[in-house]
Structure formats: structure tokens, C-alpha cells
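Everything below concerns the one structure shown next.
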């Protein structure tokens, strides 16, 4: 595997790109921390499922845009490389990183213990995560809040949608425990967009989703007339940039870069632009997810 | 007892449309039969009911919580048109691989050679048995298994270089389709009367030639309709390639939906595109079927235009009685 | 029983029947002879409404084939009525058309059970009797592909007889039979005629026509060239065409 | 000139396996012919090559970056077994809807009644033309269009109550399948010789009965293989129901992968499950085909066991010459 | 030309040929007669290796059918060799088996072009000549379904002749022809015999057998009952079975 990655770097690159990126690379403060092959190449290939506004999505010109993309740009500046986004669905992101097609995955992926360890007990699978954002959950309801929901406890007795396998689903299950006999009717869907469609069809009374996404829906869905976010951000969990375990050097460089953009303020600027300040972290970490 | 009619065979003029042949006695010159056709009141009622239901459905959809203006705007959007083109491309290429390889597999499977038939059987079993998405992912990530594509001296490159999303999707869809096409071709081949094979053998034709010249052309009649199905199915199945980022129609719909949150509208736009593609294919299929129907019945089936004309006339109350009716 | 007046039939631009006039009486064995392509099969198919005529009148047992007459207007029959007309007309095809997915016995039982709603037991009993009559009692369980050509045609005859029709149409019924069995079949047919069965037989067996036929029509190129008693037509043909045909056949 | 042989027909004993009939003169009692069959050296070589390639492939996969231990552990995991059961359930139910409705649509489409054939045509066009996933989403979100399901006095409920994931998936998959099955049935019906219909009509059978008793049973031979395709396809297509949270096999694989990041391993596990299901169906299809082949050829095709025995014997060097060889 | 020694053939447990011995000389018109199911078609198919015999020896033109002999061992022939053997044997089937997707002309041209590799022009010319010979020059462009039964069988004969075979097998070639055309076909066949063609003809036309046949075999239930010159066998049958069969046929 590691051999393969290296081989990959050696082969793909040919002269022209190298010279072009070199100049900019030398001026970047953290360029020397990157693995040699990436420095030579001047490009970090990022896998991302680009269908999760506002974190990452295709803009009108079919170019990736969103929080993750802008954070990557900021990281690129301090690392002196270009972050190149490649679109694929979740499964392919992980597979592509494992076989060297991409270097990292940056796709609003929540950092969890299980993902760090993989399916085996010896923790050989999985990946390392460089945490760069915190997404709490939020409650999204129909405009006008017909069920008068303000806190999680108000959800008891309602139909609530959440995306499968996310922290939001866990949150829903925990709330359920507190409801007693007045149970929540959960609606677990595969994509966040499906949950939100359920809110629109009134099948669901509320959706628990990532805070920035909820905010984006409040502002944009149906010209901002369909939904609203109620209450505060709940229980934020870290997002991580996934890096193959065989590439600790890259992981550490990324961590340093995240810390650098937090320190120099470009991180805050990006979040401000996307109204996602609530997800800001103060300190770069690795594998902070539980 | 019979009327001992006595007619000269040659000088009875053919009875033309006028039905008035001067040389016959007056009792014996009917024109084309004029008859009141069976009145299909049920058809009229049925048609009205169907139209009524359709109107209701259209109204319900028009009133639904769907922003039709968005659909109207986006239908001409170049992004979707481009996606449709990519979909068309991968579909046609994959189907070509599927049909050719499928025909070969079908012949192999029916071969008395146990090696050939086992290989074909195993191929069909494996490729029909595993989900296409898994196959797509496997091809795209083949470097997990083979890091290099090494064809000896001719060619050697990193597998990830070779396996672009297009190549991976093409291989996965084409090879998978071949397994399905093999079964379809087998059914077609088996539907041809064994007397045909015997006649060909008796003329000294060998197995291969008999298959190509005699059996397959006759099998086409049975093969084409399900192949049309497969083709149209492939238009949609090819959308699984979005998993590896191949930018076809479905991916465009998804991207649009996730950006604008107009999920349903995005899906309606791509559905309209798919319908358009399907329509084009169906028309092609129709004429292909007509071509292979030659010789199978005494007259060719009518073209849609002829059919329409005939159907309209069947609504008319009085008509000249024409073609075969059963 | 069957009356044709100036019957015309064409396929597209090809005129196959160009004004057929003839009358078949009750209990008559009526033979149709003529060269290949003269339209004999087509005429038989018109009687059974498998083809619709383009001109003239054609009636069976006083009823127009495929039409109802009311005043001076003709009304097309509904499918149900056509089926009812056909029920009384048995037909044996030139190429058998047995149902390949059924055994010989099931082929013969099919119509009585499905069309007349007879009980299986009754139908089965009659079917076995009929198969015996055509000499195939021991092949009742065979599928058509397991029978030789001659055996298949005999099953087809038994199948038509099973509906106990008033009129039987035979389209070269013996052309696939070997000579030995032709006699048996002719016996069956003669027996049927005595039971009041009317039969129209397209045949090239002049011997049969002479022996059994009550009337004979010589057709050529879609018209009736000569008609009369078989003895007269075969023994003393009037027309050149008939003479030349018979000279080659006899 | 011919030998004027003179034999009594009755007293020639049938030539048994021993080939020694005492009443014949000695010159004329050959046993079954013993002959050296054509030696298929190519078959042996082919078999070796195929096995060699298979071994290489197995080794490559064993060495690949796949944690086979995970696959081994998870294959017996109840979650997957349960998912397989759900997949089976929705597949069978949807196919039942699809086959029945498809046959009806095929008959409608071939009907001379223009209303029926237009409705069938429109149905097939629409349902084949739009992606299944969109159809699933549309059914599931039908309340966007109809907020209530109102069957007059009998039943009235909120659409969202009625449209559970199961119902929506069933409707979408079943109705979509019907469009494809209609085309398959149409091909089957058209493959039946028109002489069959004529014979049935001549016996006084009406259209409907002719179809059910005579045409469809013969069409089955042509219909079954592509239907087998559809069935097996449906096993996989039903996985689209995961979009609306219907918990079948594919969903289980995805959940496992997204939780543990052991994506390929999860997919391999569900592929094995799918292969198992496919195998069971294929066996069923084989025997169904055999059943409908009755009467179509002089002898029934061999069962796999018989076939295996025959194939083994074709590898043997010397053998008694038996069945038909072409 | 053809030599059968104690030929046996069974389908599963059904024994159809139970030891056939006969010899067909060069330039001979050899007639096979017998009741339905006696195995005539099956024997013809064995000669062409469409069925494989279970016992005995069968050779055409000195070559074993389907086997090569070396020392005292038999070797099965390869497909290529079987096809080469069949090339010299023309066969006309009881049920025509024309290729329905090809016109009459294409049916006749098919084998010369595909098997012998003849140029289309040459094959076409011969095909048109042959179609003319069977009286169908004007139907060259018709598909088989557009031809009457008789017309189809004549195309089938032309198709077999197109390969210019040394031996022709006819399985009731005239059973679907109307009597007028039988004469024409017989002329063609007689002409072929004069050109050095050997023919085996299964037929129920005793007239033809007597006129044209050089030898005749009466088969029943899988065995040869009586053989000899047609004049002798038909005029003065020795066996009871033959007598009773002929009494019904003649």
C-alpha cells in the first residue's frame, strides 16, 4: 500500500506542473512538512461527495463550492499546494483513498472511534482524522413552527427525521429514551436531502440535521419560505479530514496547517462567509471523535 | 346439389373497386361489402374515462407542491443536456459490448463443449449475481488487487491511470450486461425450430455458419424486444456510475438538487430527459423489429402512421371492410 | 348448407378469389380440386371466417358468415357470435396445427372442455374413442413432436371431430397420410356423411373424389372452372383447363 | 441393385444391449457400435487454461488489500441475513405484481382495441422511461401531490400514513417491472406460430381463451429466460429502496461500510449473499424452463446431474456411442 | 452407393430401426414404402447423419457415415468431416424446413455461397435456373410464408439440388404437392437420375415407384419386409403384410 502511494506520486507527475507550483511552494510556510511526493506534485487530491450544501456542493458553473472547499483553499495557501476536488459517493471516497487514487477525504465526515479503528479488533482498518470543524445538530421545522418545538424534549410524540449513521441519528435515539411512553416516531433516511423532503411532505414534523445544513435550508429552501431552525446548536461533534493510516506525515502536515489557518484568522473568515461560525474549533486535533 | 355453374376461367375480369364488371350478369356484381362494423361503445366510454383520469392526474400534479417554473427553466440547461449526452454515450458503448459478448456467451453456453459451456455458465452466474454498483466500484478500484496493468512489452501503466471513471463504468456495465444478454440470446436461439438447424446441416453447413446465417437472424425476432428493455434499462442503470464521479445525467440532477434544495424538481427534469432518450430508442426498436419480422408473417406489421390511420377509421361508424379481423 | 355468391378475396393487390359461386347441400361430400395456388385453401378459410371476404355473399346454414342481415343493412358480428358460428364448423388444416404443448389426448379434449364446457370425464371418453377411430389409441399420451407426420394429421382430424360439428372442412386431409391409412380416414368420413355431416374436402385424391364425393368443383386461378358430379367432371371434362389438369393427375 | 433381403417382420428380435440375437445369422449381430470418439484435445487445454486463470485470479484477490477476516466474520451476521430476507420479500412481491400486470399489458398492447393498446403503450412508455429511483421517491412523496388517500366511504387516510417505505417500494418496483415484463410477454406471444391461434379459433375458442390456453403456455418458453433475468435484476434493483430507508440487504452493506469504513469488505459480504439468492433463483428457473419445454422437443433437456454425467463421459477416451451428436 | 448392414436405431427405449440391410446402387432410384411410423424418415435421417445409428454399419459411397475406419477401430468424425459428407447428399424434408427469413431465391443460393464459397452471381444464376425448373421463376422474391404448401416444397427441392449432390434423399417429396405438379417434379427427378444421380425416395406414390423406381423396399415396424424390383414387389408381393398394405393403397 505505502509502496503503491509512493509509486503513484513518482509516476503521475511530469515536468511542467512541477515548475509552475514550485515558486509558490517555496513561499508557503508549511510546505516542507508535506511528504516529498506531494510536494513534487504540488497537488493534494481530495475525494468528496459534493452534494451537501453548504459544506460542499456544485455551484451554478459546476465548480465545487462550500465551507470545505474554502477551508481547503486556505490550507492550500499555507501548505503551498493545490487541493484538487474529485466527486464521488461515500463508498468510493474511502476506497479511492485506500488505493491511492486520492490522498485525503474531505466530505463533512464525522470523526468517530469506529471509523478510526475499522471493522477489525486490531484496528488495522479505518483512517486517521484531522479535525477541522465541529458540527452540532439543529432542529429544522416548517416555517411558523406549527408544533411549537424549541428543544429536543419537545420532539416527543412527533415524527422526526434524521440521516442514517450520523450523530443526528444518535441524538434522536438518546432523546427517545427520555420521552417515555410518548415516543418519537423516527424516520431514518439515507440522504439528508431525503429527510428534508419528508419535512416538506409533512411526513416528518421536524428534522435533526447538521447545524450549517439546517441554516442553509432555512435560508434557501423554496426561496427561504419553507423551513426554520429552532433552538440552539446541540452536542457538536468533530468533522475530520480522513487520511490513510499509512500516511502519518501527511496527517501531521494537515494538522499543522489547520492550526496555522486558525491562528492567522483565514479560518474564521471562511466560516463567517458561510455563516458557519458556530462550527469553529479553537485547536487542531487528530482523532478527537468518540 | 351444386349449381352447375359454368365459367370460362380466363375471361372473368378481376373485380375492381367499382365492383361493376360489364361482362357479368347483373345479379353477380357486388361492390366491396358495405357493412355496419361492430360498434365498440365500450371503446368510446373507455377512451373518455382514460382521458378524464389523465386530466385529473395532470391537474393534481400541476397543483402539487412542485415549482414547475424551476422545471421549465432547467429543462434547457446545458448541464443537463451534457449529462444526457454522457448517459447516451456510456449506454451505447456498454450495450455494444453487452450484445456482442452476450451473443458469444449464449452460443458458448449451448455448445456441447463442456469447457466452453462451463465458462459461460460461470460468467453468467457471477455477473448476474453481483450488484452492478459493486462491480463498478471493483473495477474502479482494481488497483486494490492489481496495482499495475501489465501487458508485457506492449503496455504498462498504473491501474489507477488506466481506470478512469469512464473506462471503469464501461467495463462494469458492459460485462454485466453481457451476462443478461447471454440469457436473452439463449432464449432466442432456443426458440428457433430445430428443423431449421437440420435443414442447414443437411446442406452441409457447419455449426458456426448455421448459427450465424440461419439461427441468429430468426432468433432476432425474439431477442429484440427484451434487448430493447435492456437498452432502456441501461440508460438508467448507467446512472450508478455517478458513484465514481462519472458525470452523467443522474449526477447532474443530484448536484442540482443538493445545491438548490429543489430535489423533486431536479428529478423531474432528468426524468423528462430520460423519457426523451427512451422515446428515441423505442422508435428505433420498433423499426428494427419490423425489419426482422420480414418473412415471419405474410404482411409486415403497419408503421405507427398506418396504425393510427387504421385506429381512427375503427372509430368511424360505417366503413368498407378491409383487412383481416380476428 | 354452404352458399357462395360471387365471393371475392384479395390480399392487398393480389386477387386470390375472383368471384366464386357454389352451393353445398346438406349431407353432401363436396370436393374442391385445382392446381396449387388456385385459392382452394383461401376459400375454405373464408367459410370459417379466418379470412374476411371482400365482396359477394357467403352463408353457412342460412346464416351469413361474419355478418348479420337486418333489413337491407349488414352488421358485422361480434367476436362471440363469430366464435359461435365457428363452433359448428370443424376444420382440418393442411399443416395440422396441433397444440405442441399438449398431448394428443389433451389436444382432442381441449375444445369440448373449454368451449362447450363439457366435463373432463365426458370429453376424455369421447377423445379416447375418437383417437381409437383414427387408429391412435396407444399414442394418446404422446406430444405432437413425438408423432410422425401421418400420426399428427390423424390427431388433428380427431380434434376437429371432437366438437361434433355440422360442417367439416378438410384442407388436403390425406396429403400427409400414408396410403394405407387414407382408406381408414375415408371410412371415418363416409360414416360422418351418413350421420348427417356435410363436408367440404380440398383434395388431390381423385380416387376419393370419385368414390365418395357427391359434388366436385374444379378451381383455377380464383374462379370455378367447372362443377358437377365427380363422375361427370372427372370422366368427361368440358373445359380445356380441366382436361389438361386431369390428364396429368389421373 | 438391392440385396433382395427377405425377412419376416415379426420374428426379428429387438437388438438389446448384448447385440447377440440367437435367431439371426452370425454375420449380422453387431453390438452397440464401439468407436473412438473425436478427441477434444482443445477441450483439455482449454480446461487447464481456464483453471489456471481462475487460480491466478483467486490468488490476486487473496493477496489484495481486502481484510478477508472481516468478510468471514460478517457473512454470518444476522443483520445481513435479515437484510437478505427483506430483499427476497420485496423482490418476490414486486415480481408478482410485475408479471401479472405485465402479461395483462402485453395482451392489451396487442389488442385491436385502440383504447386498450394506447393505454398500454402510454404506460410502458412512461414507466420504462423514468428512473426507478425517481419513481420510488415519487410514490413515497406522493403526498406532495395528493395529501389524502380517499377511496370514498370505504377508506380515507393521510397519504403519508399509507405510504410506508414498504408500500412505496412495492408500488414503484412492481409497476415499473410491469412495463418491462409487458415487452417480454409481447415478444413471447408474438413468437407463437399464428397457425396456433387459427386452429384455436377454428375450434370456436374466443380471443381470451385462446390466449390463456394456447398462446401463453407456448409463449412461456420464450418468456421465462428474460423473466429470470428480470427476477435476478430485481434482487439488485430493489436495493434502490434504501433511498427511502427500506432496510434491505444493500442498505445493510452500506451501513456497515459507512460505520467501519470497511467498504469493500461490506460489499463483498452482500455480494456473496446476492450470489446465493441468485443461485437459488437460477435453479428454480432451470426447472421451470424444463417444464415448459415439454412437447417442444422430442426429449426433455437433461437435468444438471444428467448433463454432468454426460460431460464427464465426453472426456473419457473410449465410450459407447449414444445420443444424438451434431 | 449406400450400403446398410443391420442398422439399428432407438430413441431411448423405443426401438425404431431393428436391423435394416439394403444396398443402393449408383444411378439407382430407390423407393422406400411402408406404413406410417415404420421408420422410413428415421432411416433417411441416419443416412445423412442427422441421427446417429446405434448398431450396424451404414456407408455412403464406400465411406462409413459418421465414422472413419482405421485397422479394426472406428473413429468418430469431426464436425468438419461430417459436414463434408453431407455436402454430397441433398435432402428434401417432409415438412420443407425452408428458411423463413430468406426469399425463395436466397434459400436456394444460401448453401452454394456459404458452403461451397461460390460467387453470388454464379449461385444466383443457377438458383434462378433451378427455380425455373420447378416452375417458380416468378416467385423468386417471395418469402416462404407467401407461398402455398406446394410452392414451398418445390423451393425446398431446388434448394437441395443447388448443392449438386451425388445422392438425393427425398422424404415424401410430393406429399404436399398437388397432382398436377407431381409430374413435373418426377420429370426433374428422372432427369437427375440420367445425369448420374442416385436417389432414395420415401413415397406413397406407387405409380411413381413403379414407373421410375429401379428398386423398392417395403418397410414395416423398423425392418425390411420385402425388397426387389418395384414391378415384382408391387405386382406380386410375397408377404402377407405387404399384400395387405398394397391392397389398401392401390
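The first chain written gets the first letter, and so on, giving A, B, C, D and E; residue counts start at 1 in each chain.
One rule holds in what follows: a contact is a pair of C-beta atoms (placed from the backbone, for glycine too) under 8 Å apart; a residue touches a chain by one contact, two chains touch by 3 or more.
Here is each chain with its UniProt name: B, D = Amino acid ABC transporter permease; C, E = Amino acid ABC transporter ATP-binding protein.
Just so it is clear, the model here is predicted, and its values are computed rather than measured.
Enquirer: By mean C-alpha coordinates, which chain is most distant from chain E?
Expert: Max centre-to-centre separation from chain E belongs to A.
Enquirer: Report the inter-chain centroid distance for chain C and chain D in whole angstrom, where each centroid is the mean of the CA atoms.
Expert: Here the centre of chain D sits 42 Å away from the centre of chain C.
Enquirer: Between chain A and chain E, what is the gap in Å from one C-alpha centre to the other?
Expert: Distance between chain centres: 81 Å.
Enquirer: Roughly how far is chain B from chain C, centre to centre by C-alpha average, rounded to an integer in Å?
Expert: So the centre of chain B lies 41 Å away from the centre of chain C.
Enquirer: Between chain A and chain C, what distance separates the C-alpha centroids? Give it in angstrom.
Expert: Going by mean C-alpha positions, chain A sits 82 Å from chain C.
Enquirer: Please list all residues of chain C that touch 2 or more other chains.
Expert: Residue numbers touching two or more other chains: 95.
Enquirer: Could you list which residues of chain A touch at least two other chains?
Expert: In chain A, the residues touching two or more other chains are 91, 95, 98-99, 194, 197, 200-201.
Enquirer: Can you list every residue of chain B that touches 2 or more other chains, as numbers and ranges?
Expert: Expected reply: 65, 137, 141, 144, 201, 207, 264, 297-298, 325.
Enquirer: Considering every pair of chains, which are in touch?
Expert: A-B, A-D, B-C, B-D, B-E, C-D, C-E, D-E
Enquirer: Enumerate the contact residues on chain C facing chain B in the complex.
Expert: Those residues of chain C that touch chain B are 5-6, 8, 11-12, 15, 18-19, 21-25, 28, 30, 51-57, 67, 73-78, 214-215, 217, 220-221, 223-228, 238-239, 241.
Enquirer: Flag every residue of chain D that touches chain C in the complex, lowest number first.
Expert: 193, 195-196, 198-207, 209, 213-214, 217-218, 292, 294-298
Enquirer: Inside the complex, what are the residues of chain C that reach chain D?
Expert: 48, 50, 79-80, 83-84, 86-87, 89-91, 93, 95, 97-103, 110-111, 114-115, 143-146, 159-160, 163
Enquirer: Contact residues on chain D for chain A in the complex?
Expert: On the chain D side, the touching residues are 65, 67, 69-70, 73-74, 137, 141, 143-144, 147, 160, 242-245, 251, 254-265, 267.
Enquirer: What residues of chain E sit close enough to touch chain C in their complex?
Expert: Counting only chain E, the residues touching chain C are 34-37, 41, 94-95, 148-151, 172, 175-183, 204, 206, 245, 248-249.
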